[in-house]
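Both complexes below contain subunit A, partnered by subunit B and then by subunit C.
Here is the complex of A and B:
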């Protein structure tokens, strides 16, 4: 590896996400691999697997949002599930009940998420650390109460269906499965493509946000808010802004979640979901966009893999699949224990998450045969 | 005024008492939170699973092993203290000085592991705790009072007095206060930080077992949901101020009263708030109080220097 290839010779070079393939071969290789995977996965895997992977993508969008707030701005929130719920119910009401078109209700859900985040954000200005954690946790409980009782919009405890929600985008009908080049695809295949395209767009947005002035302000606040204020960062503006953007991401994830499930009910936006999101960004890597995606895939994908393989090999001996079947744990218990262990082990041994693991592997190859 | 007649003065007294009784249970849980916070500066989510585990251990000793209940309770408290020490040694010791977010998440991880190990061992069914109080009640000035509520109130008062004496008169208590105030300065003065943290976890485990037993006693029965009751104590600790044991106790009682009175009055006077509003009213009260006093009623305001 020669240094001239990595050196930026002008400011324009510096801000480019992708330089020429000759200058930046690794990033190009990763990009090509991602595009190939994106096109190939839906043609190879079956519908149940694609459903899980689409869900991973949905979680990835939400996790990127939470990482903007927690990883980049340093505001810990256990209330992410509330904003996910806001998005899901907005999509369900305007898409499912009112029959708005797909882009309209997705955009509205995102916008309402943004607005609600901006309204709640100012609370965070007065509260810090532990107090903020518990107040955002309270938000989840208040939200659950709202979903359960605002019958005219949320359908109360019964929930609300999205089966009537239109899912067409121009000539593409995602619900019936899209048709491309004379080939008809299933709902799961189409939805995988839709979700991961949105992951790409939202990730790019987030990367650019964090590379620009607001992103630098957010990171200054995270590192030390008092110093940030002293050097002229407007705390109120950027803290509230981070809340609003993170909620917008959560709401988008929520509306996609509703579309995939075709149904939304109050119990889904619980403290457990909120904890899942925090676990995803910790396991993936705080303060990295790619880490949010890795964490979402790891947590949701891992759980699904165990659920599907509970009667194979070692799992079978540990997990009971029914009354009277040998085993110590139910699937739910086994998954929750592994989930908890994963959080603790990552915090103890790789606090910077999967992203750092990836970075370390990359550095090893780049600097070979020298260790750094 | 016909709508007023539905609630009598007796109802108010009765609700007031049950509010205090429920509040004392929250206070016991909250005291466990506050001692960890006082020593280490983080909210310990795993406290909820220590409460659950403590109640199941009491059940195990009292019901399965058929020991005397009070002996069983003492053994459960000792076991709780031991488990607290083990958790501290395995995980939390390695996280001293980390960001609060990191440590909080670690305790959430422990919560998942312990909770599910507990249900894996004892199963999902409801059990009678095996306590001698059962559903016995007595009449005090026209208010029906359950025996177990009286015991809960007595336990809370005893623990609170114990905490006060500990922080005021014992060397370890003083060391804990110093370590909480400024860990580095405390260590420079020769205060054994490790022993302080270990002691805090032991006390937290002990109080958690006691709280678990009072939560699951009598008609409530023991079930895996006992642990989630501990989460209702969050508004209590925040309300009182995280680092104040007295605040935790008062916060607990306030939350208990708020909850019981919401349950009594909401269906009658403001039913537009929806069903079982008492489950969320503590959080509303908490948010309002925090907006006025960001460090709770009795919490120490953080001094921040650049």
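Here is the complex of A and C:
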């Protein structure tokens, strides 16, 4: 394996997303595998499984957003759930109540998320670390109050339905299930394709953002904001920008969440959701885009895998259904314990998350037979 | 690019052909009176019912006894009655919602193809989140909350007098018989959500009918860590009766704070404010002095009600480890209501989703053996929930810590409360 294959010879080489398959086989292999999975999964798995995977995709979009803010810019936020709520309610109101078309309310939700993020962003200019955490935490509670009491828009405590929200994009009707080449697909199949297409687009956007000038500025701020400012990074612009982009991602995730659930109510955008997002990027890998996706799949999909296999071997002895069956804890409790354990173990042994495992495997193969 | 094109071809060749689960929905309907045809949740021998309930998280203390009640009743039906219609055994498919709407929606979609109907959906937010889908799928579910919104829903099978009625009867009883008068100051302390609003609506209705006005209203979010603000607010207004709409954890925190601050009005709580564990808590002396609980039916263990006798026997036989618990009773009654619907459906020979709805609409009333009031049934617009409530006071010597004060008090204007159809 000669070095010229992996070495960038010019700046253009450096910024190319994909070089020829011969020079960059790993990326190509991953890309082909992703496309195959994307097309094949909905034809193989049943609707309930696809629903879980679509939810993973929705979480992935939100997690990418949080990673831009926390992983890349170093601004720790517990307010992500609030921005997810902003997106969900925007979609519910403009899609469900007003009957706007799908692209319009998705775009508006993203835009409103962006704007609200930009408004919140300036707080990060004056606050750092723990203080910022507290302020963003406040947002979650502010949001809960707003969702509960702004009845004309959010439906108050009873929530708001999206069952009337149009879900057509040109000839494709995601609600009734799309039809392609004479084949009719179900809602879950269609929604899986919609969500993961958006994951691909948003991930690409995030990758490009992070490896260009704004991305380098963000990372400089993360490492030490004072030194970043000294070398000429405009703190106001990039901190506020990171908040705005991160919130836009969260809002997009929220609007898709509303569409999948067909109903949103105030309790769903709680501190617990915010913590889930933080867990996803910690487990997936801070400061990596692929890690955000892996983390989302691990956290949301992992629960379901455990649940479906709860009757196997030793597990069966430990788990009770809560009603009469012998066992130590219910499946939900077991999941909560494993989830907490996963965060602790990742922080202790693999602080760079699932993404680091992937990089390590890749490096091992690339440098084979040498281990350095 | 060629690779992609080839892949697309490959996928379209094998794709899309996946058979839909819903195909089984179209199972032939059995003839009237004949054996029901198999369909989703029914294989010709066993009827499967869904239960989506929290078995983990902070609401599991309610979910577990409820489900235990669901199960004990069906164990009794399966063993002693040889199943529904003497033939068909009933099995529960239990899924953990963790009291979280997205999880519940996911679980609903996972099992909806495997069940005839839902024996229990716990929690107003969860029923709300699923209502559209239940209607679209035409599946009947039992909501484990006494919300008045459920009364006119085509696909819901609620039981008991709704929260509004509890508040109406409770306030009326206190003002006319319970030591209060029309000159006293009545206030509310309630959750900042639909459950709290239901209680508030009942209090407002009763006060209006009694020609009184509300002295003060304090609200709090679920799981409120500190009630100092609310309690001092109510104390400052000189409230003499406080109507409480909360769940047990918040009841404990609110009343502990009141005791600490020396605020001792008459408290009256809706049915979900109480939990048997209060009996062993240091708060019990304060509760005995100041708390009244409003619910339905006879005192626990009073076997003069035929349904109570049966309930106790079934609990002793099929759930011997269950301590006496109001939520267990509710779960038991849920199954009893579902049983009546299933019997009608089996009699019609149709256990399909449409068959269940049809059977449900054809029932005139749902009977709970006087443990809960009889629910006037029929088509959604004809449904008429019970309008009477019983008043209890805490007593540590009683099985669930509650002693009956007055049975089945019905305010003269309780009948006037209308349940809207949306």
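Operating definition for what follows: the second predicted complex is superposed on the first by the 369 of 372 C-alpha atoms of A that agree within 3 Å, B and C clash if a C-alpha of one lies under 4 Å from a C-alpha of the other, contacts with A are read in each partner's own complex, and residues count from 1 in each chain.
Going forward, a contact is a pair of C-beta atoms (placed from the backbone, for glycine too) under 8 Å apart; a residue touches a chain by one contact, two chains touch by 3 or more.
Keep in mind that this is a model prediction, so the values were computed, not measured.
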Subunit B and subunit C placed together on subunit A: clash or fit? clash
Considering only the touch criterion stated at the top, classify A:312 as touching first (subunit B), second (subunit C), both, or neither. neither
Checklist entry - After superposition on the shared chain, which partner residues are touched by A:282: those of subunit B (first), subunit C (second), both, or neither? => result first
What is the contact status of A:76 with respect to subunit B (first) and subunit C (second): first, second, both, or neither?
-> first
First (subunit B), second (subunit C), both or neither: which does A:127 touch? first
**Request:** Go through the superposed model and pick first if A:12 touches only subunit B, second if only subunit C, both, or neither.
**Result:** neither
* To do: Considering only touches as defined above, state whether A:231 meets subunit B (first), subunit C (second), both or neither.
  => neither
Quiz item: Between subunit B (first) and subunit C (second), which, if any, makes contact with A:39: first, second, both or neither?
Solution: second
By the touch definition at the top of the document, which applies to A:148: first (subunit B), second (subunit C), both, or neither? both
The shared contact residues of subunit A with subunit B and subunit C are 144, 148-149, 329-330, 332-333, 336
Residue set of subunit B touching subunit A in the complex reads 37, 41-43, 91, 94-95, 98, 100-102, 104-106, 108-113, 115-117, 119-120, 231, 234-235, 237-238, 242, 273-277, 279-280, 283-284, 286-287, 290-291, 294-296, 302, 304, 306
So, in the complex, the side of subunit A touching subunit B is made of residues 70, 74, 76, 123, 126-131, 133-135, 137-138, 141-142, 144-145, 148-150, 226-227, 230, 271, 275, 278-279, 282, 328-330, 332-334, 336-337, 339-344, 347-348, 351
Note: in the complex, subunit C contacts subunit A through residues 3-4, 7-8, 11-12, 14-18, 20-21, 54-57, 60, 63-64, 67-68, 70-71, 92, 94, 96, 98, 100-102, 105-106, 109-110, 125, 128-133, 136, 149, 192-194, 196-197, 221-222, 319
Subunit C partner, complex, touching residues on subunit A are 32, 35-36, 39-40, 42-44, 46-48, 51-52, 55, 144, 148-149, 156-159, 161, 163, 180-181, 183-186, 257, 261-263, 265-268, 272, 304, 307, 321-324, 329-333, 335-336
